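This is the structure I want to talk about, given as structure tokens.
Lettered A, B, C and D in written order, each chain numbered from 1.
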Amino acid sequence: MTGSLHEECGIFGAFGNAGVPLQSVLYYGLFALQHRGQESSGIAASNGTDIKCHKAMGLVSEVFSTDTLEKFGSPVAAIGHNRYSTTGSSVAGNAQPLVLHYAGGSFSICHNGNLTNCDEVKKALEGQGSIFHTTVDSEVIAQLIARESNRGVKTVDAVRAVVDSIRGGYAFLLMYKDRLIAVRDPHGIKPLCMGRLGDAVLFSSESCALSAVGAEFVRDIKPGEMVTVDETGMRSEMIADNCSCAKCVFEYIYFARADSRMDGISVYESRMRAGALLARQHPVEADCVIGVPESGIDAAMGYSEESGIPYVKGFVKNGYVGRTFIKPSQELREQAVRIKLNPISEAVAGKRVVMIDDSIVRGTTIANLVRMLRQAGATEVHVRISAPPFLFPCFYGTDVPSKENLIACNNTIEQIRQMIGADTLGYLDVKSLAQMLGEEGHGFCDACFTGDYPEQIPSD
Amino acid sequence: MTGSLHEECGIFGAFGNAGVPLQSVLYYGLFALQHRGQESSGIAASNGTDIKCHKAMGLVSEVFSTDTLEKFGSPVAAIGHNRYSTTGSSVAGNAQPLVLHYAGGSFSICHNGNLTNCDEVKKALEGQGSIFHTTVDSEVIAQLIARESNRGVKTVDAVRAVVDSIRGGYAFLLMYKDRLIAVRDPHGIKPLCMGRLGDAVLFSSESCALSAVGAEFVRDIKPGEMVTVDETGMRSEMIADNCSCAKCVFEYIYFARADSRMDGISVYESRMRAGALLARQHPVEADCVIGVPESGIDAAMGYSEESGIPYVKGFVKNGYVGRTFIKPSQELREQAVRIKLNPISEAVAGKRVVMIDDSIVRGTTIANLVRMLRQAGATEVHVRISAPPFLFPCFYGTDVPSKENLIACNNTIEQIRQMIGADTLGYLDVKSLAQMLGEEGHGFCDACFTGDYPEQIPSD
Amino acid sequence: MTGSLHEECGIFGAFGNAGVPLQSVLYYGLFALQHRGQESSGIAASNGTDIKCHKAMGLVSEVFSTDTLEKFGSPVAAIGHNRYSTTGSSVAGNAQPLVLHYAGGSFSICHNGNLTNCDEVKKALEGQGSIFHTTVDSEVIAQLIARESNRGVKTVDAVRAVVDSIRGGYAFLLMYKDRLIAVRDPHGIKPLCMGRLGDAVLFSSESCALSAVGAEFVRDIKPGEMVTVDETGMRSEMIADNCSCAKCVFEYIYFARADSRMDGISVYESRMRAGALLARQHPVEADCVIGVPESGIDAAMGYSEESGIPYVKGFVKNGYVGRTFIKPSQELREQAVRIKLNPISEAVAGKRVVMIDDSIVRGTTIANLVRMLRQAGATEVHVRISAPPFLFPCFYGTDVPSKENLIACNNTIEQIRQMIGADTLGYLDVKSLAQMLGEEGHGFCDACFTGDYPEQIPSD
Amino acid sequence: MTGSLHEECGIFGAFGNAGVPLQSVLYYGLFALQHRGQESSGIAASNGTDIKCHKAMGLVSEVFSTDTLEKFGSPVAAIGHNRYSTTGSSVAGNAQPLVLHYAGGSFSICHNGNLTNCDEVKKALEGQGSIFHTTVDSEVIAQLIARESNRGVKTVDAVRAVVDSIRGGYAFLLMYKDRLIAVRDPHGIKPLCMGRLGDAVLFSSESCALSAVGAEFVRDIKPGEMVTVDETGMRSEMIADNCSCAKCVFEYIYFARADSRMDGISVYESRMRAGALLARQHPVEADCVIGVPESGIDAAMGYSEESGIPYVKGFVKNGYVGRTFIKPSQELREQAVRIKLNPISEAVAGKRVVMIDDSIVRGTTIANLVRMLRQAGATEVHVRISAPPFLFPCFYGTDVPSKENLIACNNTIEQIRQMIGADTLGYLDVKSLAQMLGEEGHGFCDACFTGDYPEQIPSD
């Protein structure tokens, strides 16, 4: 896919003696999660008595320098966060982790996901006197936890009460000066896993970040599970009553890195399977299969393998687009897509091409790609989408455009085919999603395709 | 004085139609208050429905660009803040104004001063569930106000309750989306005045900032007064019962700009008078009087006028020292003072010199100045200080070193004279402070000289 | 390939009415050539009377802003340059284009390549009084041209004389206030092609940049050709007597973008062919073929197609490594490669893997990749290199390490195999290079493999 | 004076063992010369074999960091430069020092001043094949020197020949890898002096910079003198035949720092004398004398001393105006002056004020100051200028506006008085300039007042 959909962040945490400075582990861990958010990045670290935080707008490599990392000293615990980038709500004040001070001391929080009853909870808290500094859900969770803790209950009970009162999809990390807590929502909508590096316990949104820092993958955090790590060791508690598994299927289709394994399922393999399923459902006579970089490529290889149609490289992607890149102006608008993705004429000229992407959001980008392929000499362009059509908004943290802007909400597949100028168009059907996920494929959220929400959605 | 003492900030606010964009008024107003704080700067502005804030580490001219100012749109109200610079506690998160969201909506606050019962109040608030994001007093005030407001009382009563529960010296500005409130502590320790530009009402720590933006000075805010400005006009309410005037005398001696007038007293004139009083109390036969730039110069002219000894320019100050200036290393330590202040040999060579400064804190800088004057050919150096010796800490917002580091706490005047290498040394006596302030000179705080605190000080 | 070899820059120029501002064309053209150099970037543009230049260290997207582009006004001609990044000699002063002033007026130059007799020519020029500001070859060419022009000869004769006196591989662009000249060395070692956008003539190191700006590819500049464009049109002159074609074969193997076509040969196709040839020369029984991103991937697909062994994605590359990225310290050195490239276990576990890369320079990186694949579960790792072993330095502008550091200079292939830990190792043989290039494959430089230099090399 | 006139730079050099790293000496030396140029700053240093250079736009404190200084290693020689700031011609490429490479090796140059026959010399050089990279005079001097040196003559003869062929006012420093040369023009128009720090010899535009680094002032360089320092020691040679002293009188009036001593004359004393002379020539009955900061203040004190009218501080200057300061927009234009300089009402209200400035260029600023004083309550404002009226352009390096913009070229003194709104107006007369300079006051250039140029001026 080439734009338009955004994940709501990546989180990473560490507690204990990793054999290397924890801030380095955090740095490279967050770097491996960069694809989950490019707007801002931050690390909060505790040296056992004190919590320091550094965060700013920008990529991990822009936000941190050797200097800023050194200022953390020798942390015993650390949590970090990458936030995704949209134009609207991006303000420095919303960068995470947050550090908060309350009667019980100080703690830090970072989170991935979205609360669907955030406004109600916030209003209730405000009614009880709470004051908010930011507009991020993390602060709502933090205020709830502090409020519960203030009643004198143990942290686990505080978290249990919080989880009981919030709805949505989320995974969050809580760091006190001497312990680290990881929590995953009762439906496991958002991913979170655990690893080990030396004697340190790590938590990460995706296993690729464990791998990147040389850590061993231990296991996924279970839906409704809270894991606490401190000097005395690690313990797990189930903090919700009605847990079920409703992991986000779009993590496999698009968000996650191909080398991650989530809830027992390889992202790479699920994409390959999606391509294969697509080949069976929407076969076509063609000369080559290409994928739209990056996320369409794995499915393209699956389609190729299943169909026997050779996979070739259809596009060269210019990877140097950075934050300060100047968007093409009106005069070069026509070129805008080509500046990022340019077709390889030699690979497609004179050929019937199957082009695989993982979604069609507004349809404009894919229409440009189809046109570019024809200009490059493709005689036919058959578009295959390795997911069902987007029809419903996501309330759990994925930034999907409103229905007016979702092409599939307002057009039949034939109409879409005409709009994007493809010879044929085929989507993966909803029933195939379970097969795509494989043996562990029961229990997932496909609400964006079906409207079948596993968790309360906002009333308005 | 050349370093060592620091004010705790300057504040500036505006409400209404000034005829020019309010953000410009704020920018130049804060620029005129830059001497009160150079660490960070910020502006929060309301367009009537929404509050936006921009703040960062750095000088006013570094923090704001045409772009950042334009993003405020067309504000109906705005408040701004300059924070002072110390090495230790300077973190981006403590920059002001703060913007907070609570049941009653959003508001913004910025403040100058220090609460002496901050820890107790904070602890009490935390006990009731409050969570803090920063370590600045402003947030304590803000949380109190929101808490009171939540009880359904009117803002004036909320502020009254807050003022009733906090102790210390402070002036703060509260901005709601459609009104602006200015509050000065019941003892008037910290300064705050009001002005008018077009149809807009302005508030400022010092009158020089009103002058700088072309506004008319209206009056000082009274101790214990709260002034509210909104679309319906302006109204004043007394919100404390036992008000008295205990304005900080050190504002006149050192902090304020010479062109400011505070509580009816001209800063310039008070410095001139201090010099004249000093001349009477500590006369000496000499050939010239010089002042240590900048703050010693006015008193030097007063000394000259009274004594008849000609005033000459003793030092050239290098005004280009900026944030990134590299401090002289060990090898050039000897030169450190001279790099900032260099004596004019021709003005002092062969002469008996009276050198006026406004304080001696540690004594090292003034010892260097005396030595430099002798090297430049001065035959005698008589040091005169236009204030009494520092003996007590300030708890109301002035960053005075601890007693161990205050030279006057640990040495007799004769010992100090020897340490700084002066021929004679004379301080203004405490009794003269009232005279220094002139006709309006009743009611001021001189606790740093006398230990006579007008307001509760911290228990520990 | 994963590091170690560097191209010496990309150049791009434009003259005439492109229908869009020339500076935009330059910006996106240079952006498409970013892979040829990431150290510094610059544009010089003439408005018909005056030449302005903006250049700085950094990527195209970092060096230029909307502001800096606007300052060029409405150019009639423009040239631009990307410089490659090495640690040693990278200084701001060596950024290009250069702008020079001489008796005949002002002109600007940028160039790609290396002069092999640069020191002699420079010494001779200095002997005649020339003064140099930089250490780049471009200045030597510029001084020669100015010197010749000063004799009153026509530009074409000046360039002819210059080409006669310099040796090496180069392509350069000369911009006078009212014309643009493109020159390619007599052996065509460095690439240069021409395009058309609206009424403007463009020159580019690679055709992919023409494509990126929506221009039409016209033709390659011939070895020893000089093309002049001005208001009266375009004309071509041959400026060298003994021209031959010795285009750099490494452009096809590694440097150029896959969507470029150079001297009639598709880079993509040549890489596919290299993979296919490799499959024939070094077949192996295996379960999958993978490529080392980015440049090994095309050859891997060629190997797969020829051998029938399925191509799979072996590695995920983290593309967010930027200029300020902190290199892993000693403790995480082991991880250094994995932070950039992480294997996909599911793709290789339990499999006999053929891994294709385009070169082995020092051998350390590839040894890490082999080890990582085994850790990921590969049962066998067969390394195939889509080029012959590096044995000789390049004197024409490619930054190859010295012989001591070239693994193939000091070890047999069997020794290298052992050092990198592969089960088998196979290089493409030298004889296959012509086949790799295809029908137009006569006339190329393979000196880095054979020591057979088409052009004078430095005497020392 | 408050703007409008600009010096053309400050230079500073050092050779030998200063006991502290030479780059530190240069840093603080240039810092002390910051008033002579704020546009760009640079240092070139030789470690005995190699010359490194760092320069950039900005103040000394912005251009250099601990890092950039450390990169110079342990220099044996170094030269540095501050360039002044104007809007038009300010480009990074013109920053100094320049480093050049020619047959005889490498050398670096920086210079203060202006060549009046620059265009002719440049044209002649270009006719002989020279190519220029910059538009600064330094490069012309450098090319001449290299050209002469190439003829095999000794450096002193090369410099002699260069000095013979150039006209104007200048002082320059030449650094070869193992020696440092200081040259002052035959008329001594531009200042240059020598100092000693440890075993190192220093050169500086002004003695204040010697003082700032703790060096001892040795003597001024004589007009037409060349001083060479290398390992064998120091030697002086006269390199021009018709030397005379025509030092720039405006250095004393405005440019130089008050603590500098130039050609035997104290800048401070000459300003005091100017004030005294002015008091005798233009006496007036008044209550106080004030000076326009900074440069008018010394003359004001001289006026006060001579007239007996008390000197008071009339204005507070805001010293925080930096490079990124946003200029007041149209709406606040009226305020523009007041934002920088604000009168102290208490000092002037109800008084007849004498206001001293050192020049009137366009007249707008001084008109604003007069108006501000009246608004502040001054009953009369008598303007006194401590120099004669500006009537002629300077061709030796001072950036004076063109005649159309010089108020005195187009108006009588009475007209000017009316335009600026003063009660009376008096200028120092031309005859007093010699007295102002005192005993050493023979031999100076006052061409900007008299049109009597000591050196060739440009033909057009």
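Note that in this section a contact is a pair of C-beta atoms (placed from the backbone, for glycine too) under 8 Å apart; a residue touches a chain by one contact, two chains touch by 3 or more.
Here the structure is a predicted model, which is why all the values come from computation and not from measurement.
> Work out which chains are contact partners of both chain B and chain D.
Expected: no chain.
> If you average the Cα atoms per chain, which one ends up farthest from chain D?
Computed centres place A farthest from chain D.
> Between chain A and chain B, what is the separation of their C-alpha centroids in Å?
Going by mean C-alpha positions, chain A sits 49 Å from chain B.
> Taking the mean of the C-alpha atoms as each chain's centre, how many Å separate chain A from chain D?
So the centroids are 60 Å from each other.
> Please tell me the distance, in whole Å, between the geometric centres of chain A and chain C computed from their C-alpha atoms.
That pair's centroid distance is 36 Å.
> Touching at least two other chains at once: which residues of chain D meet that condition?
Residues: none.
> Once the touch criterion is applied, which pairs of chains come out as touching?
Those chain pairs which touch are A-B, A-C, B-D, C-D.
> Chain B touches which residues of chain D in the complex?
Answer in residue numbers: 19-21, 24, 27-28, 31-32, 34-35, 38, 59-62, 64-66, 69, 208, 211-214, 257-259, 261, 266, 268-269, 297-298, 301, 305, 310-313, 315-316, 318-326, 328-329, 331-332, 334-335, 338-339, 342-347.
> If we count contacts the way the header does, which residues on chain A are in touch with chain B in the complex?
53, 93, 98-103, 123, 126-133, 135, 142-143, 146-147, 150
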